Amino acid sequence: MTAIASSINAFRGVASSVPDATRPVETAAQSRLEVASKKIEVEKLHAFFGTAEVLKGIDLPIYSTKVTAIIGPSGCGKSTFVRCINRMHEVTRNARTTGRVLLDGRDIYARNVDAVTVRRRVGMVFQKPNPFPTMNIRDNVLAGLRLNGLSTRDGETIVEQSLSRVALWDEVKDNLGRSGASLSGGQQQRLCIARCLALEPEVILMDEPCSALDPIATARVEALINELRERYTIVIVTHNMQQAARVADFTAFFYMGELVEHDQTKVIFTRPGNQRTEDYITGRFG
Amino acid sequence: MASLHTDQKYEKELQRLRDRVVIMGGSVEDMLDGALRAFAARDADLARAVIERDRGVDQLEIEIDERCLQVLARRQPVASDLRFITTALKIVTDLERTGDLAANICKRVIELKQLAPAEFELPIGRMGAVAQGMLRNAIGAFIKRDAPRAARVMARDESVDDAYAELFPTLLQHTSGDQESLTRSQALQSVGRYIERIADHATNIGEMVVFMVDGEDVRHASLRPDNATAH
Amino acid sequence: MEDASYMRRKLVDHAVRGACFIAALLAVVPLFSVLYYVASKGAGGLNLAFFTELPKPVGEEGGGMANALVGTLELVGLACLFAMPLGVLAGIYLAEFRESKLATVVRFSADVMSGVPSITIGIFVYTLVVLSTGHFSALAGGIALALIMLPTVTRTTEELLKLVPEELREAGLGLGVAKWRVTMRVMVRTALPGIATGVMLAIARVAGETAPLLFTAFNNRFWGGALDEPIASLPVQIYTYAVSPYEDWHRQAWAAALVLVTMVLVLNVTARVLVRHRVRAR
């Protein structure tokens, strides 16, 4: 981190750490890291499917231009958690939430906030690469703009920029008219990330983005995450703990709908503070 | 350790690794015990027997290193497992050096075999006993994952250092001009240095055990900032 | 021992395989004999006049079925006009709001309706449209055919939309696209070739319907362009000519049958090709 950037972050940190008695207890990471600014603050977030409560009061800060990994066993609510951050959770039938998710200090669940607008600022990459099969590569990149009825006058520039940013441009520049489905799994996933980037989001949520990819494709996506972190705030859900250890600055461990521990990744993977975290990451689980 | 690994093979690998470290620790303890007894009794045969054992300790070091390497490569251990592996890797070096030093003591014993122990040598024996205790406690702390016990080992290092500092003037007092006296003093001085180093290695082991158990790095306190910083 | 059981298994295998082969062969025999029979009987009646001229008065040789051909196209066109938008939109509703009460009711009704004999639908439209307007009409025929198409189009649309992976919906919503836009421009767009196939099969089915048209569109010996006039159609014309005592009319009925079968066949094949094309694009 350059001196200028760190001083800016320090300034932001001061601005956002005004004492507030109603604040929930700070997580370990917060107390260790007062200098980074918070892009998102999740407060007392509960999520439900019908009557089943899948998130039981999560308080978690997500730091700006950092990678936060969410780990935990299947069914711990980690996917639901990220889907709450861009209001995708409510798309499912009978799904609802309570609590607040502050994006740059504003609650995305406030009455006058449109979920569609939130999703443009908080992009999402899914477990299974899902390019639109009826569109070619170029149109897939521009899909977010086109489907939203936005102008694609700079289409060619946007396509080249977005594909370059995911290191796919050189591989597909001569075949932009080909179907997105003709690409390999890893390329498809990078195409989906490019599609997300074309909308210029501020936050990128990734829900197990590599679980359908081979190790080489996984390494490429991880390298990409490493580059994207300079401009974007990233939250990645992963089953692969080594992946969290490799790419994340912060790691949060979820268990049965609760946040067990949140700290810097280097702390979580060398000396976690909680026995359940320890048991999970060392493979001593039930 | 609260619970076992879900993967029983992994659990066994770690268990076996721990066993090898314990065996190596036991061997080194035996070597030191033999060396100190040989020194006190000027028993050259015992000394030679101790020197013989050093090969076995060296072999254990190689084996343990290999096992650690395999676990690192194939299991990607994290948290307490990772701390255990790194601790094993480091204390194995300390144990191997301790074995070498015990062998060195024995070599000096063989040199000294014609010269009966003298009254003024007694502080060396006492240093030896303290260092031996430190080593035993350090290894015991490793086996039992007992951080307080390991911390007590570290606290005793200073007394050995002090005793070693006093050894030199004492030896100087009892050194006359003849060759024999000179040889003896030189050998005794070396034995004292070896013991002092053994205490240092025991201290290192203690520090690693504290790290292994609590996850806290207690070495070189002055080098670390009070708060961890982000990147 | 082992050899004996092996031989027996092999024998049974061959026997079963042979039986299946023969059954399959027998199953296509009617289809091909119908095609062959219709072709051989109908080919003789086909000439330019058949496609361009109106029927001659009773007893006169020659003439054609131009009015019935156009009439069938018009009736099918009308049916599509009514059934397609309604059926596709209803299908979208069923797929999007799967568990709503209305969807359950609509789905059940559609299934029941597709089982109703077409003559019943003819009588229904006769009562509703023909009696209330006082005369047979192309409009009534179109409505009858539309009612037959509707459940097929609705359910096909629903089923094909359900086949579109939910991941695509999520992808669209995740890009901040409004729900209705995702439905129309992602889900329906992806299912479109399949929906087109379903619609084509439905058309193929109603193109050959005779019974409901007898009560609704009736028949017309002349060009019946207007919606409120009776209109000729191939199936009804075939029926009328086939039961007549005139040899020339019988000949023309066979020719009409050949044209009708060819139309249905072309629609079917086109539909299959569309499906195969879609599968290959995957």
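Should a chain be cited, it is by its letter among A, B and C, assigned in written order, with residues numbered from 1 in that chain.
Operating definition for what follows: contacts are C-beta pairs under 8 Å (C-beta built on N, C-alpha and C of every residue); 3 or more make two chains touch, one makes a residue touch a chain.
All of these numbers come straight from a predicted model, not from anything done at the bench.
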Touch graph components, with chain C removed from consideration: one piece
Relative to chain C, chain with the most remote C-alpha centre: B
Pair of chains with maximal C-beta contact number: A-C
Chain centre separation in whole Å, for chain C relative to chain A (CA means): 49
Chain centre separation (chain B, chain C; CA means) in Å: 91
Junction residues of chain C - those touching two or more other chains: none
Residues of chain B that touch chain A when the two form their complex: 2-7, 10, 76-83, 214-216, 227-231
Sites on chain A touched by chain B in the complex: 1, 32-33, 35-36, 241-242, 245, 249, 264, 267-272, 275, 277-279, 281-286
List of chain A residues in touch with chain C within their complex: 86, 88, 91, 93, 116-121, 123-124, 126, 128, 130-134, 143-144, 147-149, 179, 181, 192, 195-196, 199
Touching residues (chain side chain C, partner chain A) in the complex: 99, 165, 167-168, 170-178, 181-182, 185-186, 189-190, 192, 281-282
